[in-house]
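What follows is chain A paired twice: with chain B in the first complex and chain C in the second.
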Partner chain A sequence: MSATRRDLLLMTAAGAGVGMVFTPVPWKLLDDVSIWTQNWSWLPKHPRGEITITHTVCPLCPAGCGMKVRRVNEAPFAVSSTPGGALCARGFAGHQLPFHQSRLRTALHRGKAAPLAEALEDAAAAVERARRSGAVVAVLDQRPGRMVSVLYRQFLAGFPRAQYVTLPAPEEGTLRAVAELTGRPPRSLGYDFERSRTIFSVGAPLLDHWGAPGRLLRLWGAPERKIRFWHAASGNSRTAALSDRWMAIRPDSEHALVRGLISILIREHGAGAGLALPASLSAFPPEEAAARTGVPLAQIQELARELATARPAVAVGGGDPVAGPLPAATEQALSVLNALLGALGTPGGIVERRPVPQPTLPPGLPAETTLARAPARSIDVLIVDSASSGCAWPLELIQDKLAPDAVTIHLSAFRTAWTAQATWTLPVPAPFEAWEEIPETPGSRLASWSLAKPLFPMPEGAISPEAVLHRFGLPEDQTLDALLQAKAAAIEKAGRGVVRPLAEPDESSPVGEGLWDQLTEGAVWVDDPEPAPRPLRAAIPDLPDLPQVASTAQFPLLATPAGSRGGAGSMPSPPLASKLTRESHLEPAAGEVRVHPRTAESLGLKHRGRAVLATPKGETAVVVRTDPGMADGFVEVAIEGDRGAETLALFPVSRDGAWRWSPAQLRRA
Partner chain B sequence: MAAQAKIPTPPPQKQRRYGMVIDLDRCTGCGACMTACAVENNVPSGPPEADERKGINLMRVFTVRERNSRRTAFIPILCMQCGDRTPCETVCPQQAVEVDPLTGIVEQMPQRCLGCRYCMAACPYQARTFNWWDPAWPAGMETTLNPGVAPRMRGVVEKCDLCHSRLHAAEDRAAAEGRRDLNPGEYVPACVEACPTQAIVFGDLADKASEVSRLAAQPESFRWLERLGTGPKVYYRTRRRWVRDLARQGGAAPNQEVTRG
Partner chain C sequence: MNLRSVFSFLAGLAGMLALGWLVFPAVLYERIPQPAQFSHQVHTGEAGMSCSDCHAFRDDGSFAGIPRLETCLPCHTEPAGETPQEKHFIEAFVTPHREVPWLVYSRQPDNVRFSHARHVKVGEMACEDCHGAVGESARLKDFQRNRISGYSRDIWGPRMLRIGWKPGEGMKMSDCEDCHRQRSVVAGCLGCHK
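Now for the complex of A and B:
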């Protein structure tokens, strides 16, 4: 037998084939290639350096929750709540906001990049022209009550015609109605929830980022708690899920429910015996309330019985950070309901909040007006402050107040739907890049004051609101620092309250000298509680009836905006909020609507299917999510992210500034 | 020759079984645990295509509804730290999953992971996620990354490791103080710290005197899919029977789709 060249080649090939299977080389190569292609040099590495801890408060919304910040090389990398605090989900990622992709690095002129010096020059010239011509100059402030708010009013005092306009926090809605009923100034009242036994919320997300989130969650989660939470709303929200009782009322029937409760309380429980009550209050038939709300009469009677017997009881309206305020007539009815419950100026109800000691201010500062009450087409030059309340507002609310050819100057750290429409946008420091002041949380019964520390240096190209005001003509000797220090001195002089270090809130000390240093180092000033609340006297007015929004043949559904505080508005959400929205659907995600599976089926729509949402004001493309927790015939429209303002524009704004409901149509795309 | 000095052998570290009890009656579904977890573990927000299937959530809160009712519960799902026949460990061809015998923590080693995703298929809790994209943050945001946790590369699977970097940091601190063992509460994962209602109690299940052991032993406590016999170290508790039934039936049917990867 002889081996041929053919045999040799065959043996080599076969040997190579067998060898390939047993050698580790190709497998190792595959392994290495898979690893090499995953480890690129440009992937970010984590920072190295000394780790330090800072205590401060969160500046993202008016709640001002305490934060313990871990920092590396002075840059924050993680935050957690201070003892006893309760940061919200967005607060945990808020320190990443200065790097948001919509962060402004330059000024804008009608939405297009412009050099800051040029934009500032042109905007200052427009303000100066308004001053000379006697045009109306206004400042829109979403967080009134700060010292920078005083600075704005000092600036406006230099104009012959000026308006200081605010967008009240949703927590303040019922309190404002009660303040009007009792003749108190706005923002002078608060809820004494800690001593309540029954809390009845009407469309207010009490257990979802309402006021200071930790306050109500502590009460709700207290072991063996005695407070009962009742919630009346159409949407299956977190508050609905967590309340002891949820009354799933029909859309826009809050007014009828409150009128029905008032009637039952007067008729069956003798409420308001010592008050002069208009006859119409008890004339409202409870059956009408049951018919309009879709809730059995027995359940409304049960609620009325509990409100009448499990006292102190308090009714809370005000509205929602996204769905907006309740109609003014409903707030008025809620204030009457509180009066009948004996909740005005009594422990566990709505009580007066002592005003914070203030420095002496010059006379002639313009008074505060809410945006809804500002005359239509009255503002010639509008300056919009950068601080956000975390709430979404339709642009229409502002546009209606602007005169034709009005100039708008937006102070903003981010590119938003608002800045796209502004004449000039001036880039200001983002949250955590400058000192920010946090006055008392809306709805709180005690005054408080704290300062949020900057965790990053202010970037080049940004300008502080104070510097903008000085460029616009505010005298140089009027500064924010002087106002803040004067306020600290006024509190020291009054000798009221305690100072709570954020690191050790239990180690509070009475106010003494050095308050300013304590605040800047990380502490909160909290006022002393009143020993006994002062009763608030109210003249009970007649209540107008309020027609409900109705569906039509063309728009057979009822739609409402849905979302969470901080999800849309004048400031974007931290990038990691995507975990809450599109990655988990814990909160409504941009471009989505939620409907009951039956509603979807009747319209030929599928879960995750594409559709068009139409209202009398326009239409938009959406993705449908079915949710058995929704009411049939009802659409929740997500207001979130960049598309939030565009979607919110589909909801009509009523004369009193409410945009909660719209008839709607949903069809397959 | 002089006798060599004998190096004293340190006493062995205490055997631990880290676990947690999540009180579903106290969970408000706020998502603070999810965000705090992502920040702590340098999880990026992902591109716009990152959705409930492809986004990285080491901890995810599901919303569940009672059948034929509008009653709602929120259920945080994370790696259950299975202690017996750990499914993901069993199927991993790369030995990238390992149960730490000292702590009971199921460790994931991204350096070893080939991205075959067998472990994802094997995990009955769908508590693992795959990195579909290179980890990326907007310019400058990398300065805010946690220095204790390395970002994971594209193409690997990851999951909750009970904030292992926090355990290391706590052990380092204890060692610096001359202690071998950690004090209760010295090491807690970020989600536990973040919960505004203290719905999550964390600790050593091997320590019978610990709060977590006491709660885990109570009759209203249960484990998800207990019938599979994987020995999870994450317990849940609720007084709501319909929620307990969900876990018992095993067909826990969150109203959202749970398939990822």
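Now for the complex of A and C:
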């Protein structure tokens, strides 16, 4: 059969097709086209220009880590940590937040765009009505201790009934319990980890997202480290992996473990010899702790022995940025454990933090109360401050405190699950768009103070919280700038502490005149340590037993929320941080749950299979990931991104404001 | 399959190979002459200058990059030689005091930052390790701009398939990664990317 012209053309084309594979054409085109798609003209680009360096602190959470910011034509384009410091993934990418897609450019009325002037007028009218009618007006402050917090309290002093409500840092859960035990004010204590020999964390992610990133990792990674880390938690984590010993306890058995340790310390090691101890403390059978936790008794005894002998030893509870505080009874038990370890007011334990010199404040400012302790349905008008704690909080925690028909005014730079619920949302500057004050890092033993510089101008259409307060009736002569300068003057007058330039932290100098200028140029004031910690005396109370969250036939598993600081709080995550951490599975990805392979198999679930997570409060679709590091019968639920608040709402909030555990069911979708 | 079919196949193959290896590179890159000519050879040879005399580090350690006109002025207010290139340079840029819009062969994309100080001072690398033997060139070659990506050809390098690549022939991310790997220097994504 002879070839037709069509056949010959086909053969030529086939030859050309084969030949093309052996030329640079497809490969180079692929490379160039992919680069072309990254350089479309409408993609925002930094203009080329002079590169400068700015040193400041990160305003994204209360940790206030030092930042070295590279800027081109004044616009920041890269962030790194200052010498000797560390930044979390979100800190590295935080300068992208002002451009986030959820950034608010306008006010919102019940989640819908509204002109700022109109929203401000209506919100001010609602506040004025509350003032006249004697309704309860409250401010929710996620970062108490700032001068703007004082401004909020000055504003509230003008109302007949007012509440200043805080959401304290979860790292300070055990410290708050110790403060109550010893009669000290809240936020007056810190951990002296640098002088500890044994650090025992109960569910506290000390080597993940706890306090200032780097503080504990630096101690952990120190050459010839003498500190030993024990970690008790139900799930595998970086803290579990890095700790010297990880006790994989059963879900919701933290209280039993601490009670067992207290009992063993008293019975076998004579702990608390000089203290008046209720008999019930030693009556708790260690065998029960072993049975409830699923940890062999010998291992609990070994931990108790190490805590008793390798001192200074300190126990730290809670502090999870997503799972929230431990139940109050467990934190109270931990405070007693610390008392028995002699960790109260001793080097290497929990020590008093000297109060920061403050300006003289007018009398009659409302006292601070935590949100968990605010009476239910008591707030008629709630103003929510914009500063984020970096932690996730269930909306239920707030909703329970609101009176029927309450008005909520949210000051926020972003559209979040919280703003969707608010009556009015007023757009305030995003991080890096205004000066932000950073008081001491949660859990730190030394008081400190720094100011985060604005790296961008405040955009049109945004309004500062201070301006909102003035519009709501705060006298114009009460300003944040005056309070900040007065605080700087008070520290100068006290003559305490040192000023550490962020660019060269080793070049610290004693406090003198010009503190304000040093802080605004990029420095941190750090208080002097007490020469010797003052022992903290505590009356040891009887400890109530805490029943474990019961699983049922319908909900046979126990679930806990998990995530990272800033993953699903009142602020979105910077896009680069999300990409790096979630796509790489460095952090749990939104919509995922982790279970032990045995648990998955018993439920007919597969790794990466789709499932439905149900709790008594509702259900949501999830993707299953199996991890042999998880306890059997335990579900770790990722709380991340936009879906985070919705998923966190599946966890019931207890009366003491804890949401760590929920009975749950996992079934194939 | 008869001989005519085999011949047709080979013709298609040969045609495409010629197109891919000869025509495609010529079409892909747009050649743009530099606005002025410059002989590194004369400056580093006869004039006895070193790279850092013009491509200097500032006092704060940052790299000044391509020299500005003020660097040339001390020697070139008046012609130092008799070449038409120097005459053009003086007439077009020195006399009207206009900066030369050099086309930078090694310009990286906007999402990259690069510290010369860290590589040259701390890493003790030579300019040639990345830029090749630019310092020996007698004239500035044409800038070859990729018509699709807009990048300089020097980022990809002269070899279309990059087989047998040598240091100084291209500055793609993979080249940086290879060098970092060889020297066991960890930079991470944000070490180089904005």
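The rule we apply is simple: the second predicted complex is superposed on the first by the 618 of 669 C-alpha atoms of A that agree within 3 Å, B and C clash if a C-alpha of one lies under 4 Å from a C-alpha of the other, contacts with A are read in each partner's own complex, and residues count from 1 in each chain.
Here is the rule we use: a contact is a pair of C-beta atoms (placed from the backbone, for glycine too) under 8 Å apart; a residue touches a chain by one contact, two chains touch by 3 or more.
In this text, all values refer to a predicted model and were calculated from it rather than measured experimentally.
**Student:** After lining up the shared chain so the two structures overlap, which partner does A:Pro213 touch, if you call chain B first and chain C second: first, second, both or neither?
**Tutor:** Once the two structures are laid over each other on A, A:Pro213 reaches chain B alone.
**Student:** Looking at A:Gly49 after the superposition, I want to know if it touches chain B, chain C, both of them or none. Which is it: first, second, both, neither?
**Tutor:** In the superposition, A:Gly49 touches chain B alone.
**Student:** Regarding the shared-chain residue A:Phe22, is it in contact with chain B (first), chain C (second), both, or neither?
**Tutor:** The answer is second: A:Phe22 touches chain C but not chain B.
**Student:** Could you tell me if A:Leu8 is touching chain B, chain C, both of them or neither one (first, second, both, neither)?
**Tutor:** A:Leu8: touches chain C, not chain B.
**Student:** When the two structures are laid over each other on chain A, which of chain B and chain C touches more residues of chain A?
**Tutor:** Of the two chains, more chain A residues are contacted by B.
**Student:** Looking at the overlay, does A:Val33 come into contact with chain B only (first), chain C only (second), both, or neither?
**Tutor:** A:Val33: touches chain C, not chain B.
**Student:** For A:Ser80, select first, second, both or neither according to whether it touches chain B, chain C, the two together, or no partner.
**Tutor:** both
**Student:** Determine, under the contact definition given at the top, whether A:Leu580 touches first (chain B), second (chain C), both, or neither.
**Tutor:** In the superposition, A:Leu580 touches chain B and chain C alike.
**Student:** Once the two structures are superposed, pull the chain A residues common to the chain B and chain C interfaces.
**Tutor:** Chain A residues touching both partners: 31, 38-39, 45-46, 48, 51, 77-80, 92, 580.
**Student:** Inside the complex, what are the residues of chain B that reach chain A?
**Tutor:** Contact set of chain B toward chain A: 26, 28-32, 34-36, 38-40, 42-43, 45-46, 48, 50-52, 55, 57, 60-63, 65, 70-74, 114-115, 134-151, 153-156, 190, 193-194, 196-199, 255-256.
**Student:** Under the definition above, what is the set of chain C residues touching chain A in their complex?
**Tutor:** Touching chain A from chain C are residues 2, 4-6, 8-17, 19-21, 24-25, 28, 62, 109-111, 113, 146, 148-151, 156, 160-161, 189-190, 194.
**Student:** Provide the residue numbers of chain A that touch chain B in the complex, in ascending order.
**Tutor:** So the residues of chain A in touch with chain B come to 31, 34, 37-40, 43-49, 51, 72-73, 75-81, 86-93, 95-96, 98-101, 103, 207-209, 213-214, 217, 220-221, 236, 238, 240-242, 246, 248, 574-580, 582-587, 627-629.
**Student:** Under the touch definition given earlier, write down the residues of chain A that touch chain C in their complex.
**Tutor:** Those in contact with chain C are residues 2-3, 7-9, 11-20, 22-25, 27-29, 31-33, 35-36, 38-39, 45-46, 48, 51, 70, 77-80, 92, 580.
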